[in-house]
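Reviewing the structure listed below.
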């Protein structure tokens, strides 16, 4: 079930189809996943989101796999089922091994545990952690 | 403010103080931050949590900085103020540059944006992402 | 799957059926959705929740469609799949156009993005935003 | 800081003051905490919320301390700083011991850990857990 | 406290200062709030976020006040303290009355209540709410 | 769907199968639910998580049913579908009555409502709730 249709290439308008084509070219695959097909209901939003994904996830000061692991961590924490599935698959496609997946899960689980404790204890932030003023 | 006291070395019992000492030895610093000082109210819980942090955050299939970036991502997503401060500081201590911090923030922001869209659209998971059955 | 049964009109007790009838009369439709049918397991809770929905969602200083858009925004942020489906449908029934839906999605996505940044940066609140003291 | 003023007894209107008085009578204390003083900006909302708190938190199939522990668990999970403080204090006032507080924290931390794992793994729900159909 | 400095006009680089100037011109005020001053640590991210805020929050199929109410609802649900403060202030600046604020709070509170119930009950989505296939 | 396979007893390695056996012995049932079968992809993580569940959920200062109710409250608040199903079933197995379930739901719903209000109002914490300094 969904709150909007997922658009096939045929059902999508020209503006959305151009984004689909850029996704295919950038990722070098024919597969366009449902997230983009659902966003095609609003081509301007689709274009804005894809533009940002393409720019942010490109290699930079962090490598693409590290970025994907961060994406999985956020998605699991937000409880977004679709996103956990799609970004875990993307991490594998970018080379994540089973051992790395296991450690990713262990860090996510640990962080949730200590986050919950810090919040339940309402621990005051140590002054040493402050960076408000420029160095 | 806090829901429990933060224990100084003097106020902590022997069991908690032994954990403080192991934190100092492991991290090679004299500084023991408030999270551990608050957990000292329950020495068994303190020991169990520290034991897990020490084991999970050690070098493995993922390097320590990558693990710390994942920790920051989870903490920001959970909205844990203490954790965002302490793990951003830890990431810097492990070598995170300003450029890497900027990209970490950009990925976190992007993931929140697309997570929210996938959830608001209730996009159905593509069968290609399934791994239920062993290969 | 569910953690309680969803009660048909026949399976529901008299107290729950009276709430079903009031839902039908208020909404001028025969359709009673599963949320109410699940709550029928505890008729007192069902009545208390319906009473509050009927009162809060009535026209007031905000019009019913605006209230429904706010409801969708909260539901998507909470990651409640049922609620996203039911309140998106309710918003459509109250006149939400595709263009309004697109802008609702864009605002939700933007807010998640900037919320994540403000939290990851731990930006201090500007004194200008304070309203603690009565004017 | 706050987004509305917190009303003193003098600044509050007659309707809000009547709720303050009922809070004092019900809890047998002169202290009215800031949550109610902030809600006094909207006396109808204040009355509706207090009415529900008074009814739900009364002794029933669950005892008042158990209900308060559940309240703390939800508040910590929601990351609501005010609520963690106020309901931890309320739990203590209802008899929570330090040992019970320690176990409450351990369960909360454990639940967050396994919740995160179940979500990151997207574990399919076992049919044995389904209760959709009445027995 | 914060994890990055908040940059004054003097401390900010030319690229960030140009964004500050556009914020001032667009909002017709001299005030640039801390969110933008913190983002100035990464001028490219600052420019990308401001660009999106300017575009999404402009009048369209939804009026600016409605968009701001949706923003407050998301921010409160995400538990982002900074965002709740800044967007509640922005809503007031765009004309939100005390009565509208009271109703906004009541809808947010109600949505959280029913979201929690739908999730705890794991209510199955009614087929009537599905929009997967184009009409 | 899932991001890892769920392992049958046959597909699981010796280390994972030993944990399965301990789960069966501890719970005195033949049933091993999918959560553990998915974790079997990483036997060390499986063992660490089960070890903690076994220890934390044992009778102590809080009785096992109270701990299970707290677990349900956290799981519903985190929106973890799997966890809500499994821990509601576990609570029933430990004796939760329908009336207790109804009150659990009412407290969870109430807590979400007041949490959302405290966050949207940004109510300042009363000094009376502070426990930072040891008594």
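General remarks:
Order of writing sets the labels: A, B, C, D, E and F. Residues in every chain begin at 1.
We adopt the following convention: a contact is a pair of C-beta atoms (placed from the backbone, for glycine too) under 8 Å apart; a residue touches a chain by one contact, two chains touch by 3 or more.
Every value quoted in this text rests on a predicted model; they were computed, and no experiment measured them.
Averaging Cα atoms per chain gives one point for each, and the point farthest from that of chain F is the centre of E. Interface equivalence for A-D, evaluated over B-F, E-F or D-E, points to E-F, where over half of the contact pairs coincide by residue number.
Distance between chain A and chain C, defined via averaged C-alpha coordinates, is recorded as 27 Å. Measuring from the averaged C-alpha position of chain A to that of chain E gives a distance of 20 Å. In chain F, the residues touching two or more other chains are 1-4, 6, 48-49, 52, 74, 77-81, 84-85, 88-89, 102, 104-106, 108-117, 119-122, 124-125, 129-132. Note for the complex: chain F touches chain C at residues 79, 84-85, 88-89, 98, 101-102, 105-106, 109, 116, 124. Only residues 1, 3-4, 41-42, 44-45, 48-49, 74, 78-80, 132 of chain D touch chain E when the two sit together in their complex. Of all residues in chain C, only 1-4, 6, 31, 33-35, 38-39, 49, 52-53, 56-57, 60-62, 66-67, 69-71, 73-75, 77-78, 80-83, 85-89, 97, 99-100, 102-104, 106-108, 110-126, 128-131 touch chain E in the complex they form. Taken together, the chain D residues at the contact with chain C in this complex read 1-7, 11, 48, 52, 55, 125, 127, 129-135. Residue ranges on chain B touching chain C, taken from their complex, read 72, 76-77, 79, 81, 84-85, 88, 104-105, 108-117, 119-122.
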